[in-house]
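Sharing a structure below in structure tokens format, with a few things to ask.
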Amino acid sequence: MTQTSYAELIGVCAGALLLTSVLTVWYRSQRASVRALGAQGVALAALVAVVAIDRAEAELIPVIALVLVLKGLVLPWVLTRRRTPAAGARAGADHGEETMLLNPVAILVAAALLAVVAYAVTWPLVADSLSPAAHAAPVGVAMVLIGFLVLLTRRRAISQLVGFLALDNGIATVAFLISGGVPLLLEFGASLDILLVTLILVVFSRQMRTVFGDTDVDRMRELHD
Amino acid sequence: MAFLLLLPIGLPLLLGGLVLAPPLRGLRRYSGVISSGAILVAGIAAIVLGSAGGSPLGLGGILRADALSAYMLAVVGAVALVATWGGLRPKEAREPQAAGARPRGAYAALVCVFLSAMSLAVLADNLGVMWVAIEATTIATAFLVGHNRTRRSLEAAWKYLVLAPVGVAIAFLGIVLIYAASTGTATATLSWADLTAHRIHLDPGLVRVGSALAVLGFATKAGLAPMHSWLPDAHSQAPSPVSALMSGVLLSVALYSILRVQAVANAVIGPEFLSALLIAGSLLSLAVAAALLIRQRDVKRMLAYSSIEHMGVMALGAAIGPSAIPAVLLYILSHGLIKASLFVLAGRILAVEGTSAVAEVRALLARRPGIAVPWLIGIVGLLGFPPFGIFFAELGILMAGWSVGMGLGVAAALALLLVAFAALVRLTVGMVFGAPPAAAGSPAVAATVPDRSPHGPAVPLALALGAAAVIPFLAAPIGSVLAAAAAALAGAR
Amino acid sequence: MLVAFVQVALFTALAPLLVGVTRQVRARVEGRVGAGVLQPWRELRKLLMKQPVRARGSSWILRAGPMVVAISSLVLAALLPLVTTVGGRLAPGDLFVVVSVLLIGAVALALVGLDGGTAFGGMGSSRHMTVLALVEPTLLLAVYALSIPTGSSNIATIVDARLATPAIIVSPVGLLAMAAMIIAVMAETGRLPVDNPTTHLELTMIHEAMLLESSARDLAWLEFGSWLKLTVLLGLVGNLLAPWGVATSNDPLAVVIGMAAAVGKVLVLGAILAVAEVLLAKVRLFRVPELLAGSFVLAFLAVAVSAMVS
Amino acid sequence: MTAVSWAMLLQFAFAGLAAALALLPAERIRSVLSGAASAVMSAVGVVTGVLAMNGVTGGLQFAVAVPAVPLTFAPDRLGGLFIVLASVIGLLVAVYGAASVRGASASRTAWFALPLFLMGMQLVPAAADAVSFLLVWEAMALGSTVLLLAEHAGSSRVSSAAVWYAVMSQLSFLFILAGFGVLSAAAGGTDFSALSAVAPASPPALLAFVLLVLGFGSKAGLVPLHVWLPRAHPEAPSHVSAAMSAAMVKMGIYGILLVVVRFFPGGPDWWGIVLLVLGGGSAVYGILQASVSSDLKVLLAYSTTENVGLIVLAIGASVLLTAHGITAAAGAAMLAALLLVVSHAVFKVTLFLAAGSVLHATGERNLDHLGGLGRRMPWTAAAFGIAALGAAALPISSGFVSEWVLLQSLVHGTRVGGAAVSVIVSIAMPIVVAVVALTAGLAVLTFVKAYGIGFLARPRSAAAAGAHESSRVVRAVLIAGAAGVVLLGLVPGPLATALVSVLPASGTPIVESAGLLGVNLPGLGAVLDPLVLVILTAVLASFVIIATLRSAWRNPQRIDAFAWGGGGERAQPRMQYTATSFAEPVVRVFDDVLQPARDVEVTHAGESRYLVNRVRFSQSVTDIVESRLYRPVLTVIDRFGVVVRRIQNGSIHLYLLYSFAAVIVVLVVATL
């Protein structure tokens, strides 16, 4: 693979990642934002594949599979999975329109600003690097910040989870872009941790629905000083 | 040797698996105690072997027990022993299992996993593995925080499980950047032993951002402001032995990881930047803790904020650098023992008084001396009075602060410490002292016999508080262990 | 040492006489005949022969207190340079010792007032102690100012110095200090304008209120003590204002001259005091601090000025 | 191992024994045995101190985990003096406690805390490095706090007092810690000998001076850091308040001496001015509050502030005079400070213990409800009276001698050889003399009130009428204290020379023993020989006594009658002047300083505004330093404590925002 095509492919993947990231902010529907998250997982897997081909590292092949399965399929599936029919009926409300803490336009502007910040702070770090992948690293940082923004502005439990996972995808993006991924063992450990956290949060959100009636996290204001 | 490293990680995991099996009910009760004991023994053994043999134990470049790791392992074991043993409920007091609740084995199993994860965190010779282990502690404790299955505990668990992983994820981003810095060199590594000792040339820019993010992320678990928000909720809602574990060691383990990251960064970019960051976090933590202690209404939240305060002082010690590290390590141990005892006692207060509201617990010394006396001793230690270790540790940190020219930071810390001290004294005096409220019209009720029962095992509390008081005076083993651990952190091997 | 006893004897005899003289002068100025200068002597004799009446519930203070008052005045008479400036080396008329002896007498008097267990005694004691507390800084500062030119707090030395260089007396510092000193002495001895020694109006009295529960020899000692104190302090003021005549050696002739001079000075001052008291009105109790503050300022200025102009 | 080391080891052993015996179950046995062990410990402490005062070096050293340098306890001469002081007080207090305390004050905890407290005090002057000093300092603070809380179930004021005390102690501790920290950083070590190598004019030394004076001043009870004193002293068990007031506040003085004598003997003159202002202000303010206080123990507590103020004033005068080269007067001022320290310890312990006996016998601390105790408790009354002489600085007490030396040093400080030396000194000294004189005058008033209202006249309450004398041991302790006051007042010579020996030697001797064990200040040409004065007085008194006896022989009977009381048939005891009314003129005169709260409530009869049914007048004097300085701060902090809860309002979004902001800030800062 030539350097230019490599750089182009990296650019395409990074663009897709950033796009999906913005979509998770943009979509009001929970279901849609989870789909965007799934797409992001796939894009991430693609990015890993590009990096793997460029570096010719066979070690990355299981990582591609892991990312594709976990981030592209399993996690989105976990988030949208319906449990019991009764719960599903009530959950319908959850999957509908999300009321946000901020005006959607303001959120999108904020996302743009965060992307700028990400570029501003990351660019000096990677400017000297010769790798075209590293030059795309600001995208990952922007994804982290945008994921954080989702966490900050969403009220529903599952939407917050989406934000958390988007943030995590951002970190993974940075890792792959800047150093071709972390060691395999760590990759597995981290993935397992993310999976478990997601699962437990899903369990909690289910409990939340039983206890509070819905999954608006702002209802939980009993613990304060 | 490898056995010694695997024991504290493997045995709790094994026990955790076993207790899920229904036939092993008896084991369930003591699994936490056994695990803690094993960790303690392994830690002490590692210290002894380390000080005798000299070369640190290693296992495949992933696990490694130098003097600092061994010390931390012993601390984890000791504090966990206090928490799990002291947290054993009297057998007769066990309430019948609520219908539909998770099998009780889950609680014991999760405690074991939690202990295993903490052991892994301190034994890992790899920033990444350390990160995974710390994230694992969150996973293990999430259900423990939500164990009571009330609205409040669910709320606490949710906040905990959102805020902590998000924070720790930031640490992961930092670690990724540090790793990226090392990929530029011949050996891509996350082993902090290599990163600190080999003096391989790392990109200072990446290390600077990476270490800052890593410290910030781990600060979430260490309870440093402004990343502390999950802490008071989780500590107040978790079952008391779990609060004791979280406050007593989990925070310190996170601080340990900060120290490790700091060591890496110091080797590359010098200490100034992270020192400034840590001082900011430290003072902010002290300010938040002091401010929220002033009118605190809940006993367990009070202890939680006090933990933030103490973590703030420890962070100050970390910022000050090598001259304060032995004091920080002594602080970790003393604070762990005392705070674990206090949380265990807070659990007993909650159990027998039915409330953890400060305003409703009154005249404890006159009514329940069995709980009030150890509580008072613990508070005295927590306030930093001699002979308890916190006194010496605090003194060591603050004195070191002046000698490295951080006078202003130390002065600000002192002012905040005074506010926290005053608030804590006022709350404690209000709870413990005074005459029992006379029941209206019936002096006979008021004159009831004081309840001298400790409402749970007294031995672990006595051992913990006794140890916290005696340890600082043991110059021979403890002093040299602390010095060796501090030296190990600085990279001497 | 012997001279000290001469001094004590002289002033013991002089005290009732002085009181007699002042009363007589006052009576004449007011146009009365007066009881004669020996009347105080007769009063003392009469009181000493009477049977004391003491309040139920009172303690030994009521008995011992009056004696302490008298003794403290006697000690004053022994310590101060009244007839001679040659004191014993080991019991010098030190400024602070003198003040403390004055205080001992005052305290004994106040305790006598309280021990009676009545409202009046307590009131007298309370006012007495308040005035005393306020007088003390003035008195000390005044003598301090006087002591500066000599560099010693020994009053005999101060008098000696004034005798040697009379210019000190009329220097601004000396005048300020003496003015302050005289006000302090008036307050200390319970004279107008601070206290009216002849009043028995209950709401204005200070000194007399404390004596209400005492009778016979108790009263005699109290009266004698306060008279002697007045006499001794007037003697001191006289020697500070006009040191001439005071004996500077143990030579018998000098001592005799000194005695005569002392008697003369005290009686003249007593007469002036009597006339002044006719012209003055008593100030309200709560105006007394203002008076003393004025005196304090004078004394302070004296010290400060003398330190700076040297 | 020198004799000092052995003595200190023995002290530790007895302290441990006392603590162990404190855990005995039977109250009576525990009191006697633990008290006795504490007493023996203190007796050994006296030996330690005397040895150290005489220049025997040595001590104990032990290593701790942190810091790496070992802790050293090796008293020097000055320290030895304060060890003797703390130990003598400890001895009296332990014996008194063993003989008298019962109930909550004799609990296991209280008896356990007493040796900790006493040992802490006896070790503070022995500490030879900053860490050891702070260690035993905190032990002392902890022990006293626990003891203060002994009677917590009896009154809610105890808890409040404990909070104030603990917080002010901590404030003091933190200041001292900061001061030592600054010095250690400059010196490169925590050892006192290293600290004293710092140049007095260097910025660290100046900063440390301010910090240490604030810290030690708070412990000593200087205004405005005195607020714990009038709260803690009254609420503590009497033997504890005696130890706190007589010995513990002296540790604050020791600390100040440590700074100006041991570390920086040649401090700048503004140090002296600072100390003069602090000391003078404390003296006047303390005695004013004492003079208007009706609570016997509050009165004694404020009087402690006054005495400590005088001591600090004397130290300040010494520093100022030294800085201006007036060495003779400076030495005398330092001697005065030490004399005041010893004198105050002796009379104040007696006063507090006597007050404790009164409290024990009547259950009353309020002077307005006392009276007539002189007849019912003659020994206690005598001891209190003699000690009150000391507090009022009247002859023949120790207080008089020390104040005499102080005034001598002040009036001789203006000039050397007849010439004024410096304008500052010339202005400062007269003011200081006036302050001391005013203080002395008010002190006389205060103690006339305390003794006259409390012990003379007729009982003002049934409790006072039913009072009884204390036990023999208690009486013996009180008499011992009173004897000490008189002894030091009669023969001050040996004490003064011993005290001077603990100071760094200077060219000319500061003091000599003169005549019949009197004092002679050769540099100032002043001599005081109390014994000669006593003999002179006795001779003069004999005339009066003879005359009285003659009169009594002639008229032997005494007639007991009802008090005259202004012509009333029967003056009731409740018509007597009370402590409150006694202090009324002072309140009026010092209205601006004391700012009493007055409240007049008039109830009119029926419809007429001119007919008054009832007039209610109430007046209370509060501590204006507390109400003007501390209350506003505390209120602000408290309100802040409520407002600040909003940052932790339960919203997870807010919490996430904190984290997010932190991430952004760190990212930006890290890449700058």
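Order of writing sets the chain letters: A, B, C and D. Residues in each chain are counted from 1.
The working rule: a residue touches a chain if its C-beta (ideal position, glycine included) is under 8 Å from a C-beta of that chain, and two chains touch if they have at least 3 such contacts.
Treat the numbers as computed from the prediction; the structure is a model and nothing was measured.
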- prompt: So which chain is farthest from chain B, going by the mean of the CA atoms in each chain?
  reply: C
Field: Centroid spacing, where centroids are CA-atom means, of chain A and chain D in whole angstrom
entry: 68
- prompt: Where the CA atoms of chain A average out and where those of chain C average out, how many Å apart are those spots?
  reply: 99
Query: Distance from the CA centroid of chain B to that of chain D, rounded to the nearest Å?
result: 43
Statement: Chain centres from averaged Cα atoms put chain B and chain C apart, in whole Å, by 77
- line: Expected list for chain D, residues touching two or more other chains, is 645, 648, 650, 652, 656, 659, 663, 667, 670-671
Query: Where in chain A do residues touch two or more other chains at once?
result: 121, 124-125, 141, 148, 151, 217, 220, 222-223, 225
Message: Two-or-more-chain contact residues of chain B, please, as numbers and ranges.
response: 155, 158-159, 162, 166, 170, 205, 209, 232, 292, 295
Chain-to-chain touches, reported pairwise for every pair that qualifies: A-B, A-D, B-D, C-D
Task: Using the touch rule from the top, collect the residues of chain A that touch chain D in their complex.
output: 101, 117, 120-122, 124-125, 141, 145, 148-149, 151-153, 217-218, 220-225
Message: Please output the residues of chain B touching chain D within their complex, sorted ascending.
response: 155, 158-159, 162-163, 166-167, 170, 205, 208-209, 212-213, 216, 220, 225-227, 229-230, 232, 273, 277, 288, 291-295, 326-327, 330, 363, 365-366, 380, 383, 385-387, 389, 391-393, 395-396, 398-399, 401-403, 405, 407, 410-411, 414, 417-419, 421-423, 425-426, 429-430, 433-436, 471-476, 478-479, 482-483
- prompt: Which residues of chain D touch chain C in the complex?
  reply: 291, 371-372, 374-375, 392-395, 400, 403-404, 407-408, 411-412, 414-415, 418-420, 423, 426-427, 429-431, 433-435, 437-438, 440-442, 444-445, 448-449, 451-453, 455-458, 514-516, 518, 525-529, 532-533, 536-537, 540-541, 543-545, 547-548, 551-552, 554-555, 557-566, 571, 573, 575-578, 581-586, 588-589
Message: For the complex, give me every residue of chain B touching chain A.
response: 62, 126, 128-129, 131-132, 135-136, 138-139, 142-143, 146, 149, 151-152, 154-159, 161-162, 165-166, 169-170, 172-173, 175-177, 179-180, 183, 188, 190, 203, 205-206, 209, 232-233, 236-237, 292, 295-297, 301
- request: Spell out the part of chain A that touches chain B in their complex, as residue ranges.
  value: 121, 124-125, 134, 141, 144, 148, 151, 157, 160, 164, 167-168, 170-171, 174-175, 178-180, 182-183, 185-186, 189-190, 192-193, 196-197, 200-201, 204-205, 207-208, 211-212, 217, 220, 222-223, 225
